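Presented sequentially are two complexes of subunit A, the first with subunit B as partner and the second with subunit C.
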Partner chain A sequence: MLRFIVRRLLQLIPTLGGLSILLFVWLQRLPGGPEYALLPDDATAEQRAALRRSLGLDEPLAVQYLTFLRRIVQGDLGTSLQTSRPVLDEFFLRFPATFELAVTAMLIAVTLGLPLGYLAARKRGTVLDFAAVGGSLLGICTPVFFLAFILKVVFAENLGLFPSAFRLSPGLSRTDITGFVVLDGLMTREWDVVTDALAHLVLPGLALASIPLAVITRMTRASVLEVMGEDYVRTANAKGLHRTTVRTRHVLRNALLPVVTAVGLLAGSLFAGAVLTESVFAFPGIGSFVYAATQTRDYPVLTGFILLIATMYVFINLLVDISYSLLDPRVRAQ
Partner chain B sequence: MSSSTPLLAVDELSVVFHRKGHGETRAVDGVSFSLEEGRVTGLVGESGCGKSVTSLALMGLLPERGVKVGGSAVMRLSDEGEDLVEADLLKVSQRRMRDLRGTQLAMIFQDPLSSLNPVVPIGVQVTEILKRHRGMRGAAARKEAADLLYRVGIPDPTRRLNEYPHQLSGGMRQRALIAMAVACKPRLMIADEPTTALDVTIQAQILELLKDLVTEEGTALLMITHDLGVVAGLCDDINVLYAGRAVETAERGPLFADPTHPYTVGLLGSIPRLDAPRGEPLTPVRGSVNDNIAWADGCAFAPRCDHYTMECLQGPPQLVRMADGESGSPGGAGHVHRCVNPISHADVVDRAVLESPAVAGDDEEERG
Partner chain C sequence: MFMKSSRKPLGLVAVAASLALMATACAESDRGDGGGEEQPFVFAAAGDIASLDPFLASDGETFRYSRQVFETLLEHESGGSEIVGGLAETWDQSEDGTRWTFNLHDNVKFHDGDDLNADAVCANFDRWFNLTGAYQSSNNSYYWQKIFGGFAENDEDHAPPEPRFVSCDAEDELTVTIEVSEYSSLYPGGFSLAAFGIMSPTSLEAMEGQEITGEEGNPTLPEYTQVPGTVAGTGPFTVEEWNQDQGEITMERFEDYWGDPAGFETMILRAIPDENARRQALEAGDIHGYDLVAPADVAPLQEAGFEVPTRDVFNLLYLAYQQDHEALADLEVREALSHAVNRQRIVDTILPEGGEVASQFHPDTLDGWSPDVREIEYDPELAAEMLAEAGHEDLEIEFCYPTEVTRPYMPAPKDIFDVITEDLQEAGVTVEAKSYEWAEYINQTDSGNCPLYLLGWTGDYNDAYNFIGTWFSTPNSAWGLDDEELFDKMEEVSTNPDQEERTAGYQELNEMVMDVLPGLPISSSPPSIAFSGDINPPNVSPLTQENFAEASWK
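On to the complex of A and B.
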């Protein structure tokens, strides 16, 4: 198991290396540059060229890349062109919010999707099944920003059930330990902070959960249907086991295997989906910052953030693979 | 075992599948037979004759939707005291059936790999049945599970308890499934082609094991197979099925010595023979199981039969009991066939073959 983990971590090096080269080439290919975003419209060509030179953007791409690599080895991802603060600081300032949002969305998707998919399979062909299948189709088709907007208008602005923006209500004092509001609140027992932060997570969490929820529901349904027809389920029934034993130990345990893989893949897409959701709910995560960085061609922020998220993604999938091998002994053996 | 009622009496069992847009399929069309303790009864026939569906119907394992089961299958559940407790397996509630499965009747399936849960250790798959029906827990259950595995011939059973199905060989897997089936000493065991997925040497060992269980525990075994070698070696009574109906029923001796139904004769004639001259082609039953007509119109086998006459197509043929003198062997009284033009004294299997060790199944001494 340890060898497996080490091998997977070593795979990070070529993955991130390749990704960083792609990012360098792609980003520089984008029309425009920071000299247009950072300088006023009436700046002269000389002023723009001077800015490019001061940022080192006039050097050949290969030289820029080597400089980037030399810095990254020292743990330096560069400085944001917008804020003039280190990219790493900017990331860790915003990442906890996005992480909380992504975890909320995944929790919603899993806790609703698994039972829904399971019930749809058990009650195949009934109204419940059609509702689950149709609903998940709708969930996959609805653009996240549109759903986020609808949720905000209906539940925040019209019904006033949940706050419509930010991570916390203004004026609420909190102790910052980790940057994760809910976690901090739990640690310091500031219950008002915890409930307020959770209330702020509900609507963006639901919006972001729509696609993973739909995928998990459908995967669970298909997987349970398949497993219910397996010979070993017949054997379990032939042994006269209780219905619940058959359903949990024999059906669910096997049906969950493909769903676990899907959860890992979906976790990565959550960070991408977060950009849209965060902008609708003015949620102070990485999403809105990355969006702004794209507008201003903030190359260090774009490169750094994308590499950090890619690293996260690799770690999440490592966790998924480890849990998978715990669930399926056939994988463990190899 | 002195009781006059059989352990299981299956009477006019029928299974009809309804599928939307496909009409109905009569998979089993009025099959009757009875099982006795300590005896092996064979259900023989080619694919699609209804033998597996019969076993699933008895176990109550057919899907609930789109299936209609008719007839009765009365099982004697206990003969302690004077009171006879009986239950019709086809009519008891789902809940009651779950209590009966595993304790009164158990089943062994065809493909041992797919019949075991791949992600649950063998030990759990054996102990769960002990927990369910015998209320055993923890160490006691594990010890009993190890004993069961040992009894069915799995070496080093304590280590095997922690292993998963993919770590066992095909023969070991089938032994493990047999261990689960016999865990609560059921009085009736159904084996649905238990050796089909195994190679020949393992087949012989598994059949040996089943035979021992029948003789030692007095279990009744319903053996479902298409393999006449298995039938000859193991079964005491044989029912030959065709298109959902029994076409010939007899004890082993009379059936092999004196088959009367042309289908049985065809099956026996298609067995490869070691003593046949080199290069001589096998003689299969021509056509396929799909070339049949509805039993209501006549004999379903008629389109494939070499002996059919117009008489065969005038309504369903009835089961006919053979007169004592007609059958060549003793015990011929129970010899029944469903044919209007039976074959008499077919020369398909001579006595020498029937009594050879490979067929008669007394190869225990050789393997010793």
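On to the complex of A and C.
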């Protein structure tokens, strides 16, 4: 297992190296530059050229890339052009918000998707099955911004149940220990902070969960249906095992293998999906910051954040593989 | 084994669900309580601030914050565009316009207890003039370079312009004289810019030696620009906290303020970049006000009981004709295209209430506006005839517009583009649409790659040069205009220190510009601002320079 983990971690080096080259080329091909986004509209051509020069953007791409690599080796991802703060600081300032949002979305997706998919398979052809399949299709098809709009109109504006924006109510004082608001609130017993933070997570969490929920529901349903038709399930039933034992040990355990993989991949994609959700809900996480960085052509932020997200993605996949091997002894044996 | 391990997550889910329900109840109870002296006033901005020191900034959101905390020598009248005294009670200029004398208000205190006096003002100007290194980057001293040129020792790497600032002298306790090398119409308006907010001597001492660090291309701003505690101004609010992770800046009422005290004890600026999210946050009661209301939202918000005061116009949207394009070099073609555009339809259908058709290249709220410029009537038949006479009856032309952006002068770029395109097509012009994201759009239009394009400007201060001087003082590729007579006249007028003569000169210039017709001025529109029903709004400013100390709970 250790060798497996080390091998996967070593694979990170060529993956991130290739990604960084692609990113550099892509960013250079992006139309416009930070000198147009950072200076006011009436800036002169000389001022824009001077800014480009002072940011080192007039250097050849290869030189810029080598400088970037040198900094990476030194643990320096550069400085945001927009805020003039280190990219790594910006990332860790915003990571907790996105992590909390992604965990909320995944909790919603898994806790609803697994039972729904399982029940839909068990009750195949019934109203429940049609509702689950239809609902998940709708979940995949509905654009996040539209769903967010509906959620806000119904639950924030009309019913007044949840806030429509932010991560915490403005002016709410709290003790910052880890940057994770809910965790900090629990640690310091600031219950008003915990409840306020959870209330702010509900609507963006639901919006972000829509696609994973749909995928998990459909995959669970399909997987359970497939496993229920396997010979070993028929055998288990035939030899008189208790129905619950058959369902949990034989059906669910095997049916969950592909679902776990999907959950892992979906968890990674949540960070990408957060870009839109966070923007719509003014949720101050990685997503909304990356969105702003694309508008201002903040190259260091775009490069740094994408590399960090890619690294996280690889780690999440590693965790998925490890959990996969725990669920399926055959994987361990290989 | 599987079931055993699955119980924990289920337990956690149950706890989370319970907490979420508790949160719901709590959130509900916190909302809709209405205003109150203890409750913070929350205003949504379009973005987070860039720095606690406005000198380093060039963006409107930083200036929105800094105007509440710092004050300038001069400012604009509340709710208007006339330049009036700020920290200076009165001011005067020498005959040649190079020496500006300011008589400061007495008994003005900084937030840290320092007294405002002439030495404090000069300490600020001297600091700015003597900045070195990365402070001289156009990104970190944009407005200094625009108004006062370069520095005591210009850094070649950042290539600032030659300095226009000469000295700042404390004539006595409350009298300051600032000398510039030559008169320019940048004065006195430049003294009102938020970038030149005066800080306390103690603040300046604490900032000394705090440099912009990091190697070339990788600058990091010093700590005093990021953490409240160092900077202190004289404004009605003190800066208390800047939560960069939340995009939230908190200000408290300054009890020793020399003017009328602020109506709110606490004011919070919170970033909500998305326009729809700002509106929904106001409707949901999460905030008490926001700026840059979409024109389509004004009426529904008013009907729903929100305050949406109208600003006077202080901006301009124009359709530019880039004259390096063969057909557009012909005045008759430019006139024809101008007759083809129904500007009134744009104002009536797209702009917010209070918008108006522009007759020249600056709004009528500005000194120098001329009632005698030639009028351009909407007449599509005449447009077609003129195009035929000019030999361009089958004119095909690229027309650029920006995407994913709104500007105060251009609230719906695509809609405006569509209306103009339809008008041009009616006159027989074939339009090829070109759209770009904002950064690239500015690049393309600046480089002269767009024959027709939409752009505009919101004024920084009340001087016509801030509009027409920006565009028509030198040859540039954005317009492809090379008119020596016009440029010479602009130079002559803008360097005349006599205010009355200068105003008359600007009127002549406006008439000249409309004769040359480098573009078609389309409209001036009032950017809207909205407040919840329990707020007495501040006087709204045509320059979007609201003083939130004037606002209060009802």
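Keep this in mind: the second predicted complex is superposed on the first by the 334 of 334 C-alpha atoms of A that agree within 3 Å, B and C clash if a C-alpha of one lies under 4 Å from a C-alpha of the other, contacts with A are read in each partner's own complex, and residues count from 1 in each chain.
The criterion applied here is as follows: a contact is a pair of C-beta atoms (placed from the backbone, for glycine too) under 8 Å apart; a residue touches a chain by one contact, two chains touch by 3 or more.
Predicted model only: the values in this text are computed from it and were never measured.
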| item | value |
| --- | --- |
| Partner chain in contact with A:R249 - subunit B first, subunit C second, else both or neither | both |
| Partner chain(s) touched by A:G135 [first = subunit B, second = subunit C, both, neither] | neither |
| A:G268 touches, of subunit B and subunit C: first, second, both or neither? | neither |
| Touching partner for A:Y232 - first (subunit B), second (subunit C), both, neither | first |
| Residue contacts on subunit A - larger count, subunit B or subunit C | C |
| Touching partner for A:G240 - first (subunit B), second (subunit C), both, neither | first |
| Touched partner set for A:P258, first subunit B, second subunit C, both or neither | neither |
| Shared subunit A surface residues [contacts with subunit B and with subunit C] | 249, 253 |
| Interfacial residue positions of subunit A with respect to subunit B in the complex | 230-232, 234-243, 245, 249-250, 253-254, 257, 327-330, 333 |
| Interfacial residue positions of subunit B with respect to subunit A in the complex | 59, 61, 97-103, 106-107, 109, 111, 114-121, 124, 128-129, 132-133, 164, 166-167, 177, 180 |
| Residue ranges of subunit A touching subunit C (in the complex, touch as defined) | 31-34, 36-43, 45-48, 50-51, 53-57, 67, 71, 76, 78-79, 82-86, 93-94, 96-97, 107, 111, 149, 152-153, 156-157, 160-171, 179, 192, 194-202, 248-249, 252-253, 279-282, 284, 288, 291-292, 295-297, 300 |
| Residues of subunit C defined as touching subunit A within the complex | 2-3, 13, 16, 19-20, 22-24, 26-28, 30-32, 40, 42, 44, 47-48, 50-51, 58-59, 134, 137-139, 142, 145, 157-160, 212, 214, 216-221, 226, 244-248, 250, 266, 268, 270-274, 276-278, 280-281, 283-287, 404, 436-443, 446, 455, 457, 470, 476-477 |
